[in-house]
Amino acid sequence: MEELKIGVFICNCGSNIAHHVDVDAVREAVEAKPGVAIARSYKYMCSNPGQDMIARDIREHQLNRVVVAACSPRMHEKTFRNACRNGGLNPYLCEMANIREQCSWVHSDQLAATEKAKALTNAAINRVRYHEPLESLTAEMCPATLVIGGGIAGLTAALELADAAHQVYLVERTATLGGNLARVDLTAPHLDSARDLLTERITRVRANSRITLMLNSELQSLAGYVGNYAAIIRTKNGSGEVQERKVDVGNVVVATGYQEFDAGRITHYGHGKLPNVVTSFEFEQMLRKGRIETRHGKLPQYAAIIHCVGSRNKEFHPYCSRVCCMTALKYAHELKSANPACYVSDIYVDMHAFGKGHEDFYKTTSEVKTLFLMFEKNERPVVRKAGPNDDCEMLIEVNETLSRERIEIPADLIILMVGMEARADSGEVARLVNISQDKEGWFMESHPKLDPVATTTDGIYIAGTCAAPKDIPDTVAQARAAAARILGKIAKGKIEIDGVFAEVNEDRCSGCRMCNELCPYSAIEFNDETRRSHVIPAACKACGACVAACPSGAIKGRHFTVEQLHAQIDGVLA
Amino acid sequence: MSFEPKIVGFLCNWCSYTGADLAGTSRIQYPPNIRVIRVMCSARIEPDFVLRALASGADGVLICGCHPGDCHYSEGNYKAMRRYPLLKRMLKDYGVDNDRVRLEWVSASEGQRFADIVTDMTERVRALGPLRIKTDLQTDMVER
Amino acid sequence: MAIRVNPKLIDELETYGAADVQNCYHCGNCSATCPFSKEPFVIPRRSMRNLQMGLEEKLKGTFEPWLCYYCGECSQQCPRGAEPGETMMSLRRWLTSRYDLTGISRLFYRSWKAELAALILVSLVTMVAFLVMGFSLGHGSLGVYAGAGALFPDHLVHILDLALAGLLAAVLLTNSIRMWWLTTGRNRNLHISLWSYVKNVFLLPYHFLSQARYSQCEKKLPWLTHLAIFLSWVTMEVLVILLLERFHSPETVWAAHVFGYLATIGLLGGTIYAMVGRVRKRETHYKHTHPTDWMFLILIAGAAFTGIVQHASYRWLGLDSVANIAYLIHMMFVVPLLAVQIPFSKLSHLAYRPLAMYLATLHTDALAAQEPAVAQTEPVRLAA
Amino acid sequence: MAAKKLQIALYWGAACGGCDVAVLDTNEFILDVAAVADVRFWPIAVDGKYSDVEAMSDGELDLALFDGAVRNSENEHVAKLLRAKSKILVAFGSCAYMGGIPGLANLVTKDEILATAYLSNASIEPGNQTVPRARSAVDGMTLEIPSFYRRVYRLQDVVDVDYSVPGCPPAPDQVKAVLLAVVKGELPPRGSVVGASERAVCDDCKRTKSEKKVKSFHRPFEVIQDSSRCLLEQGILCMGSATRSGCGVRCPNSNQGCRGCYGPLPGVSDHGAKFLSALASIVDSKDPKEIEHILDGLPDFTSFAYRFGMPASTLQRSYK
């Protein structure tokens, strides 16, 4: 092996590291380690001067390994790999030691933190000795896209891609397009009709030759990797028999939407038992029919709207479903305009009027004399049938927070603002496209702030309420964002596959086939003639399961080899 | 000065390592006895690494992965879930107390949980005292 | 036990002048700025809330609206334009109508035409009565103002005044007792000792005469104008009722007349200032004027003006007939004012406000005695 | 070299003699060996005394095959002696190379062994509780016997070893190949393993391999085996995938799982741990309880995994 020249760079990160770790002591401790050519400490390694220093030192001292002891590799591994690349060194010959998030920030005892920093840096030095240069591979990018879900999100994404002259396969489970938005009459806060929003999109989708619309269809399986996915779509046509069709796509947009919370689960609201307790979607049907009336066909004199049904409480869903507050105000308006003599009570937890025009909408709803009653989110109101001499159908009893009184609210019609929850079968979709879900069942984005429409699986994007409750503007924005990301990738034409993947040493493989079943991405093929297993680099996600399981140690985990990890273990305990 | 155990932690990049970073950004303090080694998935952690760590002077080894069902590679943590019980049985035969090697699921948002696990494990291993395999093996080579 | 919400109450209160009450979303700015909103009273927000929710019993059970002197600060602070000041004003009108069992003040507040008709009726009746009394019974002549043969002999008017005063006192007393009962008497868990009642009795005259509470408002002018009008009116009452003979005696008794003049100036000046204010609508408390406010001001101004005309024409000009006519018109203003305005309309607040202050002190002491004193914790100062 | 005959020696430390027999099993080939080589020291086959070896000059022996582990002071003494006297010292067979079956003693302490052998054993007459000691006085003389070490060592733990030949015992044709290589002088670099393949047993095993998913483990006698299919896929423990080939697949061909006597593949530092990693990964369950239940089908996995290499394992012995 060529003579090792390791450059060690220890960052102060202003005071973030220097505050608890004696950076100079660490530098002195590692300076004398075998193979270490230079050891420096600097205020901000990730700053441009910091990065330039690395590149300059590589050239000046012919460094062939670099160790940066600073923040978490999840933060700046890419930054320092680029710095090495700029210095002419293969980026994979660089290793980081996390002496901030997992050392200075969590250990206030200076002595212990410094000792730990030394150990972590020493471990990185040990490891980097065994690093090998790695090159990334490239693969073709298929311009077609698969969009799952025919709601507003799916339609928007499909149109955005098709308008850019790319083939789109739009798969919708039901027989109609529009998703949940199709079940809504008007939209808040401008009270414009949902039908207007949808019909324009649906007609353009149907008319667009580049969009292959597949109704009554579901994704059966998805194989391959970003740029080279093979999807099998199963369609049930009219007569019930099933056809399967294979389509080749480069990327997938998951826009499967949400399902409403089952109001029956809150027994003391009486949905399903008291006839005049309806969910928001049932009320929407009334609105679409243009007639607001109780089950006995009379105009309600008292109407009540209860918020946060299933949302924001301990037993059901802790999150806020974001859209019900404005929808409730919309119902107050529609109730009042249908019957000015109707007394509307709006029973809410907190009024989330966060969007554009929402606060004014809230004010105008007050002006039409809606009575707003607040309750504590974990002390839900109780609905019961009114007595014979009451002038209303039902009575709602609740501890009203603003007046701290226990009150009874008359109601002839009660509308439950049911929250959003992940679809019951979202688990299957997640497994099919290999994305993960949070504990509430929503699909997990790659980064909540920086990367909300991508997932940790390349080529799989999520848009709309399948990722989390959101209103129409956010949903459309995400759909377009996902489409834009995909168009960016298609425009690039090629996809670059990271150099880190598993590799079978054919001289060692005994053909025992232990590894074949272990790979969740089926990236390992077995060649029957040579009786050897082989890893497909582009499909391999470098999880290392096969490397650890190969009984003859014939699979090498690039950048996570046994020698590197053994060295790191010895180094961290030295 | 009370015995300060050395604990080697193998953390998976997507969940537990991120959770540990979150403990950092939230400045949740925990004992410095743990030294973390990052792997891409808990499936990459070989029982041999645990044995090597114990033989190289570690008093305890913590293996962390994503909660079942959360794994970034969807199946990885199940491999760890299968290897760990068999490794625990082997360690029992070797006479190494099972509290010294632990497998815990830590998600990317459980900074506090990670800190609690490290604190609890440090105290347990401190109670068990030093493992001394490394020194024992060295004396084996001298005193027969 | 849950109290029944009655969304219809707001509609009723609108006829008493409340507006936009439902806009209030309880940010609490009003109570924060109100100088009187201190434990255990939450002025004006608690009443706004009870009104929004239509908790009639709660609204009747509080005298908090009487503790508000409409400085208008809260209405300026309100981000939602819910006019808390005007709401408290309309609550005072509503409470007046609630205290009055006869239901007349409820009728008057609900329709100002009814009140105007009543006023006109009463003044016509007064005119006829005086004329009948003057010409037929007393055989007085238009030309004689005082002494024997006077059109309106002192002793007759005196009896009339006393009768009116008795009626007024009776109505106000019953209403006050009803106010006491609604806000304090029926409140089971409030124990006010007899001694507490006695000890604080001096508060009634004190607040009656000084409106001390009004002086605590930031702007002092409203208090002063109100004080001026009030004291002048009291002086006038005292002079007219108690010192009527001397007031009507031929020679001018400067000691009495000086007060008369001052009172008249006070009354005229104050009412004109109030009317101009209500026309210009510049200060917040003059922005909204309920018809009853106008009637009230016009009656006082009229009474004061006719009073001075009658005095001047008799004392200075010696024109007895003119004095008599002026006196007649004066009575046409005064009798409706005393018989209608005081018991059944705005003026009844002269009884309710001092009583409210008295009850407020009783309540505060009683509550403080019942609950252990909640240590008034100083707000924590974070290190700089 | 042709003129002077090859001077070779064989010795057995803590061994069963199987490796020596394996040398004889090369049948007539041994005669060829005898033709080109003088066997200077081979306690099992020819009479010879330690003093003969001590009398030799250093490096006089061309080749020494040391089989058996190092269990007591005598083994070590002879090992050191042969090291001094021979140019090439070979750790011959699994015991010398990895500690072998005797190495399993490392899982128990010296006291437990002596107690079982001399105190609590059923065949001991009550009262006769004598435990042999390194030095004991008998009839006025002191009797010395080799001291019983606290644990078992590999040959390479006590002396430098030139080559290792795995196998319990090494297959006869492998022995032949090693001896020929020595004779011809075609030997790989010092320290390497000879007489074995660089691929696992599966490479030579004729059984068909397909889906590796195991729901339960069984002992061979508990199931009717399909002799054409991979044993592990039928739930029968077989370490062939993690063990060097070269033995001619003797065990799997006789319907028995491979026990790993040929040791780990090159690059694998811990034979048992590597097999554990592979075996556990193919347990077909995602429920911790069910996994524990399946693993109960492996009654004493540690002994199975390190049957031939406990002293070569990372932890080498127990720390009870």
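Descriptive notes on the structure:
A, B, C and D label the chains in the order they appear, each numbered from 1.
We take it that a residue touches a chain if its C-beta (ideal position, glycine included) is under 8 Å from a C-beta of that chain, and two chains touch if they have at least 3 such contacts.
Remember, predicted model here, so these are calculated numbers, not experimental data.
Chain centres here are means of the Cα atoms, and by that rule the chain farthest away from chain D is C. Of all chain pairs, the one joined by the greatest number of contacting C-beta pairs is A-B. Chain centres here are Cα means. That of chain B falls 82 Å from that of chain C. Centroids of chain A and chain D (each the mean of its C-alpha atoms) stand 55 Å apart.
Chain geometry summary: the mean Cα position of chain A and that of chain B are 29 Å apart.
Measuring from the averaged C-alpha position of chain C to that of chain D gives a distance of 114 Å. The residues of chain A that reach two or more other chains are 518, 545, 548-549, 562, 566, listed in rising order.
For chain C, residues touching at least two other chains: there are none. The multi-chain contact residues of chain D, meaning those touching 2 or more other chains, are 269, 274, 277, 281. Every pair of chains meeting the touch criterion is listed here: A-B, A-C, A-D, B-D. Of all residues in chain B, only 43, 46-48, 51-52, 54-55, 68, 78-79, 81-83, 85-87, 89-90, 93-96, 131-133, 136-137, 140-141, 143-144 touch chain D in the complex they form. By the touch criterion stated above, chain A contacts chain C in their complex at residues 302, 343, 345, 351, 362-363, 366-367, 369-373, 397, 400, 402-403, 405-410. On the side of chain D, the complex with chain A involves touching residues 198-203, 209-213, 230, 240-242, 245, 264-269, 274-275, 277-278, 281-282. Listing the residues of chain A that touch chain B in their complex gives 72-75, 98, 100-103, 105-109, 112-113, 115-116, 119-120, 123, 431, 434, 436-437, 456, 500, 518, 520-521, 541-545, 547-549, 557, 560, 562, 565-566, 568-570, 572-573.
Listed in rising order, the residues of chain D touching chain B in the complex are 73, 76, 107, 147, 149-151, 153, 157, 269-270, 272-274, 276-277, 279-281, 283, 285-286, 288, 291-292, 295, 298, 300-303, 305, 313-320.
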